[in-house]
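Read through the structures below before going on.
Note that chain A is present in both complexes that follow, paired respectively with chain B and with chain C.
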Partner chain A sequence: MLKTFKIGGIHPEENKISAASSIEVMPIPSEVKIPLAQHIGKPAQPIVAVGDVVKVGQLIAKADGFVSANVHSSVSGKVTKIEDFIDGNGYKKSAIVIAVEGDEWDDSINRTSDIVNDIKLSPSDIISKIGEMGLVGMGGATFPTHVKLSVPPGKKCEFLIINGVECEPYLTSDHRLMLEHGEEVMIGIKILMTALSVDKAIIGIENNKPDAIKHLTELSSKYAGITVQPLKLKYPQGGEKQLIDACTGRQIPSGKLPIDVGAVVQNVGTAYAVYEAIQKNKPLIERIVCVTGKPLQKPSNLLVRVGTSVKEAINYAGGIPEDCGKVIGGGPMMGRAFTHLDVPVTKGTSGILVMNKKESQRPEVANCIRCAKCVGVCPMGLEPYLISKLSGKSMWDEAQEHRIMDCIECGSCNFTCPSNRPLLDYIRLGKNKVGAILRAKAAEAKCAADAKK
Partner chain B sequence: MDKLTIAPSPHVHGHDSVKRNMYGVLIALAPALAASLWFFGLSALWVILTSVLSCVVFEYLIQKFLFKTTPTISDGSAAVTGLILSFNLPSNLPLWIVIIGALFAIGVCKMTFGGLGQNIVNPAIAGRVFLLVSFPAQMTSWPIPQAADGATGATPLGLLKAGQLDALPSSNDLLMGAVGGSLGEVSAIALLIGFVIMLSMRVITWHIPVSVIATMAIFASFFYYGIGDVQYASPLFHILTGGALLGAIFMATDYVTSPMTHEGMLIYGCGIGLLTMLIRMFGSYPEGMSFAILIMNIVTPLINKYTQPKRFGAK
Partner chain C sequence: MNSVLITIAILAILGCALAVILYFVSQKFKVYEDPRIAEVEALLPGANCGGCGFPGCHSLAEAMTKADDLSNIGCPGSSDAVKCQIAKILGKEVTASSPKIAVVRCNGTCAVRPKTLTYDGASSCAIAASHFSGDTGCSYGCLGFGDCVNVCKFDAIHVNKETGLVEVVEEKCVGCGACAKACPKGIIEIRNKGPKGRRLFVSCVNKDKGATAMKACKSACIGCGKCAKECSFEAITIENNVAYIDYNKCKLCRKCSAVCPTHAIHEVNFPPRPATSVAEKSDASSAKSVAESQKSE
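Take a look at the complex of A and B:
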């Protein structure tokens, strides 16, 4: 039976134009630029110096602190620079630049395509090895996986939910992964279940991917505890909160985490990376990137080494079109527009979307006609017209009362607004401001409490 | 390749627009327009054209010369106001009165508050009520449908108010529209077709029209069947007369002046249904739809304040 989340949602044009293209291995570039921060949290600390020779899979930067992730070399060659660069969002970031020489892999990595079934490690060993291998959430949020798998004391995980929804229009990398590496994904899920000590895993897949649903359902008969849950097509079903609601009927209360309703969510891409890390000893050094867009000649799903430039990936998919207006890292609903293309593909780059000039323009803004369509589509049950207005008028307390911090920034309100109002722009601004106010208040309260002691 | 365009997400839009919604309303009003021409002939056409044109022209002039902004008449909202205003007028109304109504609707009720999206009450209804209290004689002379000599008669609700139960038209006439009344309100069938068009185009949701009509039906049933007093007429009669359908489907659903949440819409719709029936049964006017909507328009901000959508994760 098809399930879906209960509140709001939209139906953007799917445009999955690369769905039929098999995963292609992209040739290794002549130089890679591997950022030290490809995850949420503190950047990793480099442990190599300029001039060092590195192998594929060698640790080149160590996680710094609890919420941080190791970084490994994705190529073999010589470290030429450790320098700052301007990333796709316009921020300054540090990266290790390596000039590629050959393709020499670290000996510990099993490079065969044999399927390794037996899970030998204990739960705590699995989690620490996942940490060592530098795994992060592959859906785009890039939260370090080992942190997410460490269930806090007092909480109990009842379900592992695997996100195979890929609700963003255009993107097809998860779809291809499920079709071509289903077996590995299933073993990866088993490993995650062992790590979490749960006996129940649900893979949520939307019904626009019937082949993936069929394939994984067939495979799941061999793996006890794993079920495939077909979901009714609706955006943003891939949002963590919406997916848990769709699969289990449980809604995470405001300000709480998935584990508070007994769930841990991982992406199918992460499950695959877990398989490779645990069974094949392979760190996270490459990923499937969906390079797509209507003006592209050859929309593709590419297996790309981390650090490869976005420009080269686009060139491989037919070249940057004449009419290119906007290039987005991720999907069209939540992805970020790149400021320039000399930026590297990172662990979190699920897609590169090229839009033509016409598509890149926002439609003209008109007066709000109070049609309430934004209220109807908000998957968090908020009033986007109101919180965006409060935000625009700097009414932070009122915005907070109307639950501005619950917004997941899915963009459904903007998408639906007949007046093309930039609702989410204002809501983001408000979330930043309200978040800062809340943090300042918390710090103040902490200071006062400390002073009392 | 030139420079890249940068903007925050989302990078795609659903292609809905104010224009699409307003033209959707115009398309949905077309069956009722055709019915009014069929029943009231060319005189209806002149009233409609005058109303639509003067609404559009007044909006243009005010935006251009008073606001000194680029006129937005192409969004269709002024045309919708004009068309709905004309649907609330008798087909024999002198055209200069129509123009005054349009000026009040657009000039006073819409533009004074800042134009599209800013008005407190529905401009078309306010225009109609303004004319009703200013020109009571002209506004309550109803031509008999398809009468060649321009003869006038009473509306079904007028007959009911006067206690002439025997003279009430059949349900069939009410459904098709061969009865006296404002030029757009008479044909229930045409209005219902419009309802289906608007629902299928997702211009409106069902909440307001259904709650208005359901409340009216329940209220009328209580007196007709419950108390058993035929003086109050049957629920079906009430729903098919006096612009109940025109009001519930096209006027109460005006985006700007109706609540923002589904729960709020239901409260608002029930309020309109209830007030309409109270005015019809116990007030001095034979019909109350316009007044009921106007009153609930004013209550809308209060409804918005006290109704919120069901938040994700709320118990």
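Take a look at the complex of A and C:
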């Protein structure tokens, strides 16, 4: 039976134009720029110096702090620069630049395509190894995987939910991964189950990918505890909270985490990366990037080394079209437009979407007509028109009362607004401000408590 | 007729009785407020801008009445005459303060800082800044959507459509600092208005190296240090490739602005220079050579 989440949701045009193109290995570029911050949290600390010779898979920057991730070299060659570069948003970030020489891999990495079935490590070893290998959530949020797998004391994980939804229009990298590397994904899920000590895993896949559902259902008969749950097509089903609701019927209370209802969610891409990290000793140095878009000559799914420039990836997929209006990192709903194309592909780049001039223009904004369509589609049950207005008027307390912090920034409200109002822009601004106020209050309370002691 | 008289009589008696009750109640529960608070408040602008650090003009008046001395407390928007008047009411001394004004430290007009991107999102600096660094090559400069204009209670800052920059109206600005807080790029600074309104400031905050800054904006401060060398009062410091003039040390000699190769140092309310000034010698070509020499370094 098809399931889906209960509140809201929209049906944008699917446009999965690259669904039929199988994964291609992109040639190694002549130079890579590996950013130190490819994850949520503090940037990693570089441990190589300019002039050092590195191998593929060698650790080049160490995680700094609890929520941070290791960074490994994706190529072999010489470190030429460790400096600031302009990232996709136009702000400065630091990166390690490596000039490629050959393709020499670290000896510990198993490069064969043999499937390794046995899981030898204990749960705690698996988690620490995942941390070592620099794994982050591959869906785009880039939360360090080992942190997510460390269940806080006093809480119990009952389900592992695997996100194979890929609800963003255009993107097909997870779809291709499930079709071409289903076996590896399954073993990856088994490893994750071992790490979390759970015996139930549910793979949620939307029914616009019947081939993937069929393939994984067949495979799942070999693996005890793993079931495939076909889901009704609806955006944003790939949101953590929506997916848990769709798969288990459990709803996460406001301000709580998935673990509070006994679930941990991981992306299929992450499961594959876990398989490679644990069974093949391969750190997260390459990922499948869906390079797509209507004006693009050859929409493809490419296996790209981290640090390759976006421009080169687009060139490989047929070159930048004349009619190019915007290039977006991620999907059309939640992605961000690049300010320039000399930006490296990172661990979180799930897609590169090229839009033509007409598509990329925002329609003219009109007044709010109080139709409440945004309220109807909000998957978190919020009132987007109201909180965006409160945020525009800097009424932070009221915005917080109306649960602005629950917004998952899926963009359904923007999509559905008949007046084309930039609702999410204002809500995001409000979330930043309210978040800062809450953090300041928490810090103050902590200071006061410390002083009391 | 009779009923009318009775009604009038009853109302009159009732009125008198209630008046007596009210009188006694008001005597009994009287809250004493220093009458000077109202007098002081009447002299304040009444815009409740918050520039003084208090929630509004009434709170400031209260605090000023209670304060022992007025050196650290007061309305940034009041003139010295008003401050003297307030001090007189409160029977306190007031030291002559230097009035403040907001200055916009960005010189990047549309002409010198061409747009490299098109932004069609929400028209707000804070939102634009959260999306990206800006629609020009300079990631430090004015975005021009006017968040500062929206917060100004004195109608003292406006967007100039021709230049794409915001401009402060000298007569109206009280230096409350609301705009400086609202600016996500931090380019608005509250500085001394200066004697006769004369002041000098570096109208740029670009921290990029000279060549990069110059590429993005022809009138960016390239951090060449010519001004700092020229200054005899050690008022100019160069940090992160951008010059800063300390208004407490600056003696308004204008030597720095004369040598600035990119004209990034602005002079306000000065009389025109004599015809044979040094300013003419420094033109764009010298700016270029300085930027290039930095690049080669």
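Brief remarks on what is shown
Everything that follows uses one rule, which is that the second predicted complex is superposed on the first by the 453 of 453 C-alpha atoms of A that agree within 3 Å, B and C clash if a C-alpha of one lies under 4 Å from a C-alpha of the other, contacts with A are read in each partner's own complex, and residues count from 1 in each chain.
By definition in this document, a residue touches a chain if its C-beta (ideal position, glycine included) is under 8 Å from a C-beta of that chain, and two chains touch if they have at least 3 such contacts.
On a predicted model such as this, the values are computed, not experimentally measured, just so you know.
Annotation: superposed three-chain arrangement on chain A; chain B versus chain C shows no clash, the two fitting side by side.
Between the C-alpha centres of chain B and chain C, as viewed from that of chain A after superposition on chain A, lies an angle of 70 degrees, to the nearest 10. In the superposed model, A:R362 makes contact with both chain B and chain C. Of the two partner chains, chain B is the only one touched by A:S419; chain C is not. Of the two partner chains, chain C is the only one that A:N432 touches; chain B does not reach it. In the superposed model, A:I352 makes contact with neither chain B nor chain C. In the superposed model, A:T339 lies in contact with both chain B and chain C. Of the two partner chains, chain C is the only one that A:Y91 touches; chain B does not reach it. With both structures placed on the common chain, the touch criterion links A:V32 to neither chain B nor chain C. By the touch criterion stated above, A:L231 is placed in contact with neither chain B nor chain C.
Shortest separation of chain B and chain C in the overlay equals 5 Å (C-alpha atoms, whole Å). The residues of chain A shared by its contacts with chain B and with chain C are 336-337, 339, 361-362, 425, 428.
Residues 117, 120-122, 124, 126-127, 130-134, 139 of chain C touch chain A in their complex. Within the complex formed with chain B, the chain A residues making contact are 7, 10, 12-13, 169, 241, 245, 251-254, 256, 320, 322, 324-328, 332-341, 353, 355, 357, 359-363, 366-373, 375-376, 378-383, 385-386, 402-403, 406, 409, 411, 414-420, 424-425, 428. Looking at the complex, you find that chain B touches chain A at residues 1, 4-14, 16-18, 20-21, 72, 75, 77, 115-118, 205, 255-256, 258-262, 265, 308-315. Taken in their complex, chain A has these residues touching chain C: 86, 89-92, 336-337, 339, 361-362, 392, 422, 425-426, 428-429, 432.
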